[in-house]
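In what follows, subunit A forms one complex with subunit B and a second complex with subunit C.
After this line comes the complex of A and B, so read on.
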């Protein structure tokens, strides 16, 4: 019998301190997430220095909780995995430094994981049947990528955002229409009370790469719309603005994804990242995939937002492929997918 | 008693192993590479060189701050991981105290100066007083973040000879020469930056006094709020007026 591979994974790339124990890449034995969202809400967004300080304060407790909830001791752990990029450098460094000294002191292999690879791999956790090749849309507060997953650890980026990430646009629009931070879940919720066709916001196309995204024009269009109403002394309907903005984002994400699926002939499609927990996007993607006879995968909301279970899943395939990091592993804030 | 000490509070990365009264090994690097790239490889190298059995370590000492925010976090997270994995206590020593300890036995008062940017320094004032069979370090001015002019003022009013050290010396030397009215010198290269050996020896005293923490309890001392928090406080103050 093959021996189990038990990975202790750590994630601290943004405002979540997370640790998880994952068995053989697919079975989550524990998934601990310490969110700092309440603190950053005071500032209307993530403050890197505060995030880094909070990670330092709680990393040890989070990791030990993950170990104990999995009912594991250090002896049971095969390898230590950590997100080393992309993300906020100060935040990443906390997880990277902690993981490295664990690996050194315990004589365990160390695996550096790409954050986006983690998001994509979140889909493996609840879908035993999902194997590459497939297409994946990764949308979060920091990333908007349309990715061909050729094999485990082998990626080709078809499209990416030219300016704001999708989740960033949600946050900014939520702020200007008085919904506050974090924008994604708030817009998602209030949109159920609004008309998504009330305002015709633009759906941006990029001339030289049909799969790239741009959301800053959309954000400006929302601002202009609000300003025009204000100048006329009229009130805006918050739910309508939210629903119409969200519809524009969803249309672009679905449109790009379906076009790519058709062009490349993939039969499996997955979404990942914090924005993948948006209920309207999930429904729209599910319908669009069903129309085309494409198998649709999405992680549970808890595995969409930043977590360490997804890092453990990705690390398993890295481990199997023989990937090992050295003790000089550094945080790489703008790490590209597929690079080492 | 064996202590593994780590200091990454400034430009210098320093690791030392001190056993009782013997410095077994020390590794200092003052180079442009980030601590993230240097610190653990240094710990690894030094441990292999002296065939360190990590089970024999009694405590792990760390320069707890102030210092470069990033440097402090790399050191803190590293030490937390080590302490947790090895099941050892952490001894957190204030950075400026550990710097001053480099000048053990000095008859002049000691004033470490760390460059804290924005024309400020992390500093403090210390002296060594003779006890029955040793010198004990006595804190005259506790470590703090102040304008360099302020600490010069305190030294002037103290009226005693001063020896300066730290990475703030080249930054503030001109102002010191202009404003300081008491006799003073600058420590030479072998003792004018953070050294984990001094940290380890001071940590031994802390440990004996019961001042140790678990990996989970330890947090670095920044002495400064983040910029966002400062601005928020400023706003609240203005709002209150």
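After this line comes the complex of A and C, so read on.
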């Protein structure tokens, strides 16, 4: 019998300081996230200065908790994994430095993981049957990528955003219609009371790459709509604006994804990232996949948000493929997927 | 100098001209409300510098660096910065006092650490002149 591979993973690329112990890439033994949402709510967005200082303050505690919840000792750990990009450089550095110190002191192998690779790999955790090749849409506050997963650790980006990320658009629109932060969950919730067809917001198409996204124009269209009403002295219906905006985002995400599935003939499709916990998007994707006989996968909401279990899952496949980082591993704020 | 734009295309072209004329070490600050066209203007500047890859919002990473143009281009979005001190962590000084072209969105939030000389760009709407009208004010500071 093969020996178990137990990975201690650390993630600190943006808001969250997180640590997790993952067995053989698919079994999560612990998943600790030190959510900082309360602090950020005060400022209406991610405040990096606070984010990175909090990482330094709580990383020790988060890692020790992950180890103890997993009922593991350092001897049981096969390797240490860490997100080294993309993200906020100050925040990334906390996790990278901590992981390097651990690996060096414990004489364990070190594995550097791409944040997006982590999000995609979150789907392996709860779906034993999911294996490459498949198509994955990664949508979060910082990213909107349509990715072809040819094999474990082998990615091809088919489309990406040309301006704002999907989650960023949710945050900005939520702010202008007075819903506040975090925009995604608030728009998701209030949309149930609104009419998604009340306002016909644009669905952007990119001429030179049909799989790329653009959400900046949609944001402007929402602002123009609000301005128009304001000039006429009319009130807007918050739930209708939220629902119609969300419908425009969902239509574009589903449209691009289905087109890519058809073009490449993939039979498995997954979503990942914070926006993947949007309930309207999940339902729409599920239906669109069902119509085409495509298997649909999505992580639980706790694995959609930034977490370290997904980094442990990705690291497992990197580990068995022989990928190791040196002690000179550095934080790379604009690391591209598939780069080393 | 005041430039009046009546469409996103005109805003882009004006940015492109600024990018074409930009010299090494130039610093531009860019201020304007949400949805006023800061992204479009910045994409124009990047195009003027000869950058072909997509220029997207750096809200997440605070700064995006583009090396493929005639000069390096450092695109900042400091909307989420809580304190100017945080800017040192992202390498603000190395970029702004370097040989590339820096463009800083929401620069009013870090006024205390801006260099002595820069070009200020303000984009404003005037709804009475139409929804797509933008007044772009360029000033040497």
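Remarks
Here is the rule we go by: the second predicted complex is superposed on the first by the 340 of 340 C-alpha atoms of A that agree within 3 Å, B and C clash if a C-alpha of one lies under 4 Å from a C-alpha of the other, contacts with A are read in each partner's own complex, and residues count from 1 in each chain.
To be clear about the criterion, a contact is a pair of C-beta atoms (placed from the backbone, for glycine too) under 8 Å apart; a residue touches a chain by one contact, two chains touch by 3 or more.
Given the structure is predicted, the values throughout are model-derived calculations rather than measurements.
Applying the stated contact rule after C-alpha superposition, one finds that A:334 touches subunit C and leaves subunit B untouched.
In the superposition on chain A, A:186 contacts neither subunit B nor subunit C. In the superposed model, A:164 makes contact with subunit C only, not with subunit B. Once chain A of one complex is fitted onto chain A of the other, the partner contacts of A:74 are limited to subunit B, with no touch recorded for subunit C. By the touch criterion defined above, A:90 lies against subunit B and subunit C together after alignment on the C-alpha atoms of chain A.
Of the two partner chains, subunit B is the only one touched by A:59; subunit C is not. Of the two partner chains placed by the overlay, only subunit B lies in contact with A:99; subunit C stays clear of it.
Residue contacts after overlaying the shared chain place A:219 against subunit C, while subunit B stays out of touching range. Residues 43, 47, 49-50, 52, 89-90 of subunit A contact both subunit B in one complex and subunit C in the other.
Interface residues of subunit B facing subunit A in the complex, by the touch rule stated above, are 34, 36-41, 43-44, 54, 69-70, 73-74, 76-82, 84-86, 215-216, 219-220, 222, 226-229, 232. Residues of subunit C touching subunit A in their complex: 34-35, 37, 39-40, 43, 54, 56-57, 59-65, 79-83, 85-86, 89-91, 125, 127, 131.
Contact residues on subunit A toward subunit C in their complex (touch as defined above): 14, 43, 45-50, 52, 86-90, 141-143, 160-165, 168, 172, 175-176, 212, 216, 219-220, 222-224, 227-228, 231, 333-334.
Residue ranges of subunit A in contact with subunit B, taken from their complex: 42-43, 47, 49-50, 52-53, 55-57, 59-61, 63-64, 74, 89-90, 93-102, 104-106, 326-331.
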